[in-house]
Amino acid sequence: MATKKTSPRRNPMDQIMQASAAFGFRVYKSVFRHSWPDSARTRSLATMSNVFLHLHPTTIRRASLKVTYTFCLGGLSFFFFLVLTVSGVLLMFYYVPSVTQAYQDIKDLQTVVFAGQFLRNMHRWGAHAMVIVVFLHMCRVFYTRAYRPPREFNWVVGVLLLVLTFLLSFSGYLLPWDQLSFWAVTVGTNIAKATPFVGPEAQFLLIGGYEIGQNALIRFYTLHVIALPLAAAVLIAVHFWRVRKDGFSGGL
Amino acid sequence: MKQDYDTTNEKESLAPGHHPGPLPTDVRDTHVWDDTPEAINRRKFLTQLSIALGGLTGVALVVPVAAFIVAPLFKETPILWRQVKVNGQPGTLDKFKVGETVEVSFEDSSPVAWAGVTALTAAWMRRTSETEFTTFAVNCSHLGCPVTWLPGAQLFMCPCHGGVYYADGRVAAGPPPQALFHYETRVNNGNVEVKATGVPIPTE
Amino acid sequence: MADTSQERQANQEQAQAAAAETNRRAEARRRHDASNPLDKARPHRLLAVVKKEAGFIPTKEPSTIVHVWPHLLMIEFLCAIVFTVTLFITSAFINAPLEDLANPERTPNPSKAPWYFLNLQELLLHMDGGLAGVIVPTVVLLLIALVPYFDLGPGQMGRWFTSERGKAVVQFSAIYTAFWLFFLIAFDIFFPVKTLMKNLFPDASGKGILTTIKIPIPGGDPTYEPTPGGMLNVSVTPADIIFSNWIIPISVIFILSGLLIFLVRKRFNADRRDIFQALFTGFVVAFAITTVVGTAFRGYGQNFDWLWWAFKRPL
């Protein structure tokens, strides 16, 4: 006996809603490939199948999560690196590394460009914060003895990253080309001049001449926006990869 | 407290191939979720709160950043009438003869339009009648080389690719696709002024 | 001490309640897992094949394992939000400094490096430039980088200061370093070592015996002007400078570090890890104090100035 399905005709609005919900879910699945992470499997997939999150393992010791153990310092160092990259790229839109234009461009950023002063502040304070946070991160790792085997080499990478952070901050210091930056870098590079045996040569190469001028500005600019960030990015990748492979040290 | 691996045994952990490995990732999460209705509700609320908080922070950051990028689009270049200069002297009406073309200069905004910096721009100015002036941009309409006025021939010549224009700016010969660009000009209290727009407008 | 029956009953009830709670949780877990049949699949895959002895063999089932989503990511998320908001507010209200256009002909006094190099600039006042600006930082960074290769003693990791003794050592070293550093800076202010040495070697600056050494040139011409008497003049750093800029600073560094090691061994029976902690603390405290002094308390001519910070040097 063939009984015709006599379900009441659905409201067209409902049909549209259902169809769009189904479509939305398809799009969601195409991006994340698993449903909302609320089960053991989907929670593992959430970290495993995401290119950014898979810097993490899928599971972790609860002891490693103690905020009073890490104080989030490593993550914060990376956070500030990202903030500085984004704000730095934006500042580059307006900044020309020329002794005749650089100062004018900073003035323009502060007076004419919308949110220019805000982004410059963010870059400045973020840079100071990164120096402090990276240093504190080193102290944290030392005092918790988290450099124990097999993490010795990652500690060395970390020390290199500390040096790079100083150099990044220092190379950016010259760029506004005001009295503060000019004389700070003059004093800073005079320290390089004091290197035994090769001091004057080291200073000459660093500033491209005998005194701070256009050559020094373009060298510092190139180091600041390309060479040092690239080196830092590579070392950060190594640093993270090894943390991922060796596991978090907390609670061991 | 027993360790996951023995860190005290240095010999073993230092030997090649004997580094204690990472924690295996296949260990099941032993966290037991409280799934009483209150707990579920609280979790839902906190999830929504975090999403809202993250969204709010994101917006707070994206607004200045996006505005920083697109703001020049909305920045109007001020259009000003500027008095021209002839040989460095202020361009008053008596400095021009009818039917003569002379080089003038005036202040215009620099290529970095938002900076508020001005620079001197050159132009060819012709007094066509007692009260009328025509001002031509110096740039050839072909590739932008500066054109020269030849008073004998009454022609503008472009040195780059041989473009030639009549005295009224129309193309006489050569590659230029259109007439010389011109500026709006007026006489104001005996002073000759041009409308400095930053971007010249076509003649035809 | 025998339990009364009442107490025994109370204990029993407690145990029953605990068991019931455990059962409830297990049931919750079972229901939770059952909500997604895929959960019964193995949540791991084969990633690599390794030699048996290279593999990690867990000695026991770790009991405190949680998923990174949401436990760790939630912490990272909140941390990022807090610092984004903080940086946002800071940047909205405090402007980055910008002074006049750079002018190579107008040297400000004092001229200072960025604040994180002012520790080196502070050292520069008390020793040779090469020693303060290059040798000391390089050696310190090298030693720090090498720590894990020498800190091989027993003891756990993942605990602040390793042990209670370690904590005490760190506190002691911090006070020790702070005391000596303030003492040394104050000493150099009231009794400048460079002047003391100059007074000690009055002949040294300029033409003293230690300034130039004459080396006879074999077969040299005694009448040849640039090397009179057939002697080769080798200019040497004057003795006062050698003492004040090299020998005294290096000795102070070594003696104070050695004394610190001796004291923590004697006082706390420190092991190697504790000694590393003591030296590292010395570095951190010295770094902090010299940075603060160099930034806030060095004024005109790099002289000590209690109030210089009040003039607000831009960072």
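The letters A, B and C name the chains in turn, as written, and every chain counts its residues from 1.
Simple rule for what comes next: a contact is a pair of C-beta atoms (placed from the backbone, for glycine too) under 8 Å apart; a residue touches a chain by one contact, two chains touch by 3 or more.
Just so you know, these numbers come straight off a predicted model, no measurement behind them.
A.B. asks: By mean C-alpha position, what chain is farthest away from chain A?
C.D. replies: Relative to chain A, the chain whose C-alpha centre sits farthest away is B.
A.B. asks: If you average the Cα atoms of each chain, whose average lands nearest the overall Cα average?
C.D. replies: Measuring from the global C-alpha mean, the nearest chain centre belongs to A.
A.B. asks: Could you state the distance in Å from the CA-based centre of chain A to that of chain C?
C.D. replies: 22
A.B. asks: Distance between chain A and chain B based on Cα centroids, please, to the nearest Å.
C.D. replies: Distance between chain centres, rounded to whole Å: 28 Å.
A.B. asks: Report the inter-chain centroid distance for chain B and chain C in whole angstrom, where each centroid is the mean of the CA atoms.
C.D. replies: The computed centroid separation for chain B versus chain C comes out at 46 Å.
A.B. asks: Could you pull out the residues of chain B that touch at least 2 other chains?
C.D. replies: In chain B, the residues touching two or more other chains are 3-5, 7, 10, 14, 20, 22-23, 25, 27-29, 31.
A.B. asks: Among the residues of chain C, which ones contact at least 2 other chains?
C.D. replies: 32, 43, 62, 64-67, 71, 84, 88, 155-157
A.B. asks: Provide the list of chain A residues touching at least two other chains, using ranges where the numbers run on.
C.D. replies: 40, 43-44, 57-62, 118-119, 148-149, 252 - these are the residues of chain A that touch more than one other chain.
A.B. asks: Quick one: which bits of chain C touch chain A in the complex? Just the residue numbers, please.
C.D. replies: Interface residues on the chain C side: 32-33, 35-36, 38-39, 41, 43, 62, 64-73, 75-76, 79-80, 83-84, 87-88, 90-92, 94-104, 106-108, 111-117, 120-121, 124, 128-130, 132-135, 141, 144-145, 147-149, 151, 155-162, 170, 273, 277, 280, 284, 314-315.
A.B. asks: Under the definition above, what is the set of chain B residues touching chain C in their complex?
C.D. replies: For chain B paired with chain C, touching residues are 2-5, 7-8, 10, 14, 17-18, 20-35, 50, 53-54, 57, 60-61.
A.B. asks: Which part of chain C faces chain B closely enough to touch in the complex?
C.D. replies: Chain C residues touching chain B: 25, 28-29, 31-32, 42-44, 51, 53-56, 58-67, 71, 74, 77-78, 81, 84-85, 88, 152, 154-157.
A.B. asks: Which of the residues in chain A come into contact with chain C in the complex?
C.D. replies: Listed in rising order, the residues of chain A that touch chain C are 37, 39-44, 46-47, 53, 56-63, 65, 67, 69, 72, 75-76, 79-80, 83, 99, 103, 106-107, 110, 117-126, 128-129, 131, 138-139, 142-149, 151-152, 155-156, 159-160, 162-163, 166, 169-170, 173, 176-188, 190-196, 199, 211-212, 249-252.
A.B. asks: Would you mind writing out the residues of chain B in touch with chain A in their complex?
C.D. replies: Within the complex, chain B touches chain A at residues 3-5, 7, 10, 13-14, 19-20, 22-23, 25, 27-29, 31, 64-65, 67-69, 71, 112, 114-117.
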